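Lettered A, B and C in written order, each chain numbered from 1.
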Amino acid sequence: MSSQRTHASGVKRDRRGRRGRIAAALSVAVAVATVTAACGSDSDSGGGSDTLVIAGWGGSFTAANKEFFYDQFQKDTGIKVTIATPGGGFAAKVAAQRAGNNIEWDLLEAPGGDTSKLVLDGNLERFPESLIKEITPLVADGAIRPGPSEPYYLDHGGTVNLIGCNTKLVKKCPTNPREFWDVKNFPGTRGITANNPIFTSLFALAGDGVQPQQYFPVDVNRAMTALKRIKPNVQVWSTSPAQMQQAVVDGEVAIMQAPNTVLVSAMKQVPQLKLHWDGGLLFDEGWCVTKGAKNKEAAFKFIKWYAEHREAQAKFTEKIYSGTGGRDMQKYLSPEAIENLPINKTGVTLVDGKAGAKQQQELGKALREILVG
Amino acid sequence: MLRMTRRTRRRGWQSTFSGLTGLGLIAPFLVAAGVFIVYPFVELLRTAFGEPNGFGNVGDFFQSPAARRTLWTTCLTSLIVTVIVVAAGAVLAWSLRTTKSRLTRMVIALAVFMPLWMGAVMKIYVFTVLLERFGVVNRTLTSLGVIDEPMQLLRTQFAVVAGMTYQMLPYAVLPLYAVYVTIDLNLIQAAESMGASRVRALRDVVAPLALPGLLASTVIVYVICVGYYLTPVLLGGATAPFTASLIADDIFNLFEPAQAAVASVLLLVVAGLVILGGLRLVGRERLRRALG
Amino acid sequence: MTTETLTSHAPPETAPRAVRDTAGRRALTRGAKAADLLVRALAVLFLGVPILCVVVLSFSNAEVLQFPPEEWGLRQYRSFFGSDTWIDAMVLSFKLATVSAAISLLIGVPAVFALHRSRLPLKGLLQAIGLSPLVIPGVAYAVALYTLFVQFRLTSNMAALVLTYAVHGLPFVLLILGSAMARLPAETELVAMTLGASRPRAMVGITLRQLLPAIGASYIFAFITSFDEAVLINFLGGPGTVTLPKAIFDNVKTGLDPNITAIATLLMAGTGVVGSLAFLLRRKV
């Protein structure tokens, strides 16, 4: 629904403004062409058959992807990798690019909560049968997502939002969302990750006693009431990983719900930090190829290359504790790393991204009212 | 002399170009400004008052308590920052103007200029290092015994005000200094020699001369503050964002470009009103000069 | 502090009313002086401490930002110069700023002539439009431009970004060059013409020459504005347009890499030199 509105505002036009727009378009074209000529053609990104444009988050996640995948891929295949860092808003930006019929990005680097939105909007390229056949033995069961009938992305970059607890600051740690919400029996300042309304709402539902099977469709009222109840005890509503990490390291929050990537990274400075996987929410995301991408062949080639390099995947995971889609990854990872990964953990739910994406707008607005209002 | 003027006139020589030549000279500017300033704003208005509800979009905006509160936070915080910036800027610029000590002058000049060169994002980020729980400020205060427990400074409005003040202060000092340069320092001496105290001399002699400049700076600083985006995102808490954060959220996460456009237009209206007020109070020329 | 130079210049207390100066009033003056000193000290402290912090932190060898550093060294500088991402971003920002500031001049210089030396109508309005990027709320401008960029598919177009930055730098040309030109008497050109110079020659030889320092200053201000632009790029950026401020912002949002302290220190040193140059040029006008 909402995406249609996005499209419409870019496409549907009334007639009155057309002449003005043509004049404007001409001016833009002339101006841009002049400068392009003046600058030389080094501004040309994408296009040729031997390039691959990847859109990512920037920062440590993209840096790790570059270190373990992109650089080596470029060396192995001669395909030049260009990285863009929109840093979020992938679904809206891809929708805008498609509406403007100018798809800039070929491959999306695990676009988080936007992954399912992209699927719903029909903005992703379906994996070709040949690719699926080739990679199936190399990737974990269910890694090609969201399901066998809809092969749109390959599991990568998955993180788990789970409960962490600083035993230096509190004696009794909540071990699941219900206890997290029980501020009387488990005192301590809290931090909640609030950069994805779906995850925050699901965590609130779990805290209110809802079973994972009943998460969707989200009972918005119930989730928001639960959040309102705990708000006085929440010191930090983090909107970026760095923010939460700092709050944990500084001891600003004693009990927090945060991505395992953040918590493991914080453990280096706060060894007393304990993780509790029960009620953990696993992100449903992965490598996506944009619908109509200029270099989609290169993008699929990359996905195949990625599946074939499980050692590189293991190194990636050990560096930033993000999951990968490879089969039997425990054989490649060190036992210490597995300890802090969602491997062999009970109580972790893979979030139904599609169901979440349907309510993203509604939940986003409601959460804003709770946080700011 | 007389002959020259006559000859000048006869040949059509004037100290100004004709309107047509002027048009030729300004043509590239017209194209650039038309495409990159005027047209985007026309489109912004069309988006704001277009789908889904036309002018009702504004009503939709004001229906959300969060959006209302955020707009209020934005305006109020900007006001606080502006007052601090202009007041501190006035003192610093005055020191820069009156001091005869080279050292003082250099220290102040460095303090004013260096932040301009640090890099926009770093300038904000350094405040996380300063204000975090075990950051420089809290450590200093605890070791001095001023406070027992580290204070919560980061992710508060205080942090936002500090960060914004840090960025805006140089922009206030420079134009105010330019205003002060035009004030004859002998006037103060004269006033004092007539028995006025220093305070009185400043109040009765300097203030009236500097006031228009101060007002103009106030307008400019406020207008820039209202549109701040990065500082509140990096230093502020999620519970008291700036309208700018909501705008980005509307576009990229809630898929509501119209609401983003409405919020942008409202910011423009606030800025416009402040500028109009400034124009009435101090006049166009002074306001322009306050830009730098 | 011996900053209160004015007092030393004040005439001795010979004036009749000064003799009658009461103790109360003197206390008031002293109080005001102390308050003034305090404000100054605080302001300088406030401006200076963050700078010192960044510089000190840049010489820390730690992997995380912490103050005071536990181990000193050049680790941050080494990893900055060893990282393609940072270097690429820096080079891109440099190129972008160089070209866009030049275009600001190409557009702005003739425009200033037209605005100050012609009988063009609506000059005030045009001037106001040209200055608006400086005074409209940043995020509103970003959203407006975003609409344009999406509509005309410009998000990965380097040329469009260059032009946007050029327009963003225009206000400085209009202001700095404009005020310099306003101070130049137009008649000098005429004098040259009566002495036989053609108008173009008079313009280049007399006016433009005198304006050179102001043109240089405008260029530098426009350059710094582009080089340091961090808001628009968040809305308009695409592949291949990860500028230095954008790279730093991404970094600050997703992880805490102390490399950025080294970058900031280098920036201060670098732009410090360029900036002082601009200041000197501006004062020469």
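Worth pointing out:
Definition applied: a residue touches a chain if its C-beta (ideal position, glycine included) is under 8 Å from a C-beta of that chain, and two chains touch if they have at least 3 such contacts.
As the structure is a computational prediction, the values presented were derived from the model and not from experiment.
Once chain A is excluded, the chains joined through touch still make one piece. The most distant chain from chain B, with centres taken as the mean of CA atoms, is A. Just count the C-beta contacts per chain pair and the biggest one is B-C. If you average the CA atoms of chain A and of chain C, the two centres end up 37 Å from each other.
The centroid of the Cα atoms in chain B and the matching centroid in chain C are 13 Å apart. Residue positions of chain B touching 2 or more other chains, listed in rising order: 32, 35, 39, 47, 248, 251, 257. For chain C, the set of residues touching two or more other chains reads 148, 151, 163, 234, 249, 252-253. For chain A, residues touching at least two other chains, in rising order: 28, 31, 93, 246. Only residues 64, 85, 99, 103, 148, 150-160, 162-163, 234, 237-242, 246-247, 249-257 of chain C touch chain A when the two sit together in their complex.
Residue ranges of chain B in contact with chain C, taken from their complex: 4, 7-8, 13, 15-19, 21-23, 25-26, 28-30, 32-33, 35-41, 43-44, 47, 87-88, 91-92, 95, 98-101, 104, 107-108, 110-123, 125-127, 129-130, 135-136, 139, 165-166, 169, 185, 188-189, 192-195, 197-199, 220, 223-224, 226-230, 234, 243-244, 247-248, 251, 257, 260-261, 264-265, 267-268, 270-271, 275, 284, 288-289, 291-292. Listing the residues of chain A that touch chain C in their complex gives 10, 25, 28, 31-36, 38-39, 42-43, 45-46, 53-55, 57-63, 66, 82-87, 93, 96-97, 99-102, 104-105, 240-242, 245-246, 249, 265, 268-269. Interface residues of chain B facing chain A in the complex, by the touch rule stated above, are 31-32, 34-35, 39, 42, 46-47, 50-52, 64-66, 69-70, 128, 132-134, 152, 154-155, 233, 237-241, 246, 248-249, 251-258. Across the complex, chain B is touched by residues 2-3, 5-6, 8-9, 12, 17, 20, 24, 27-28, 30-31, 88-89, 91-93, 95, 194, 197, 235-239, 243, 246, 250-252, 360-361, 364-365, 368-369, 371-373 of chain A.
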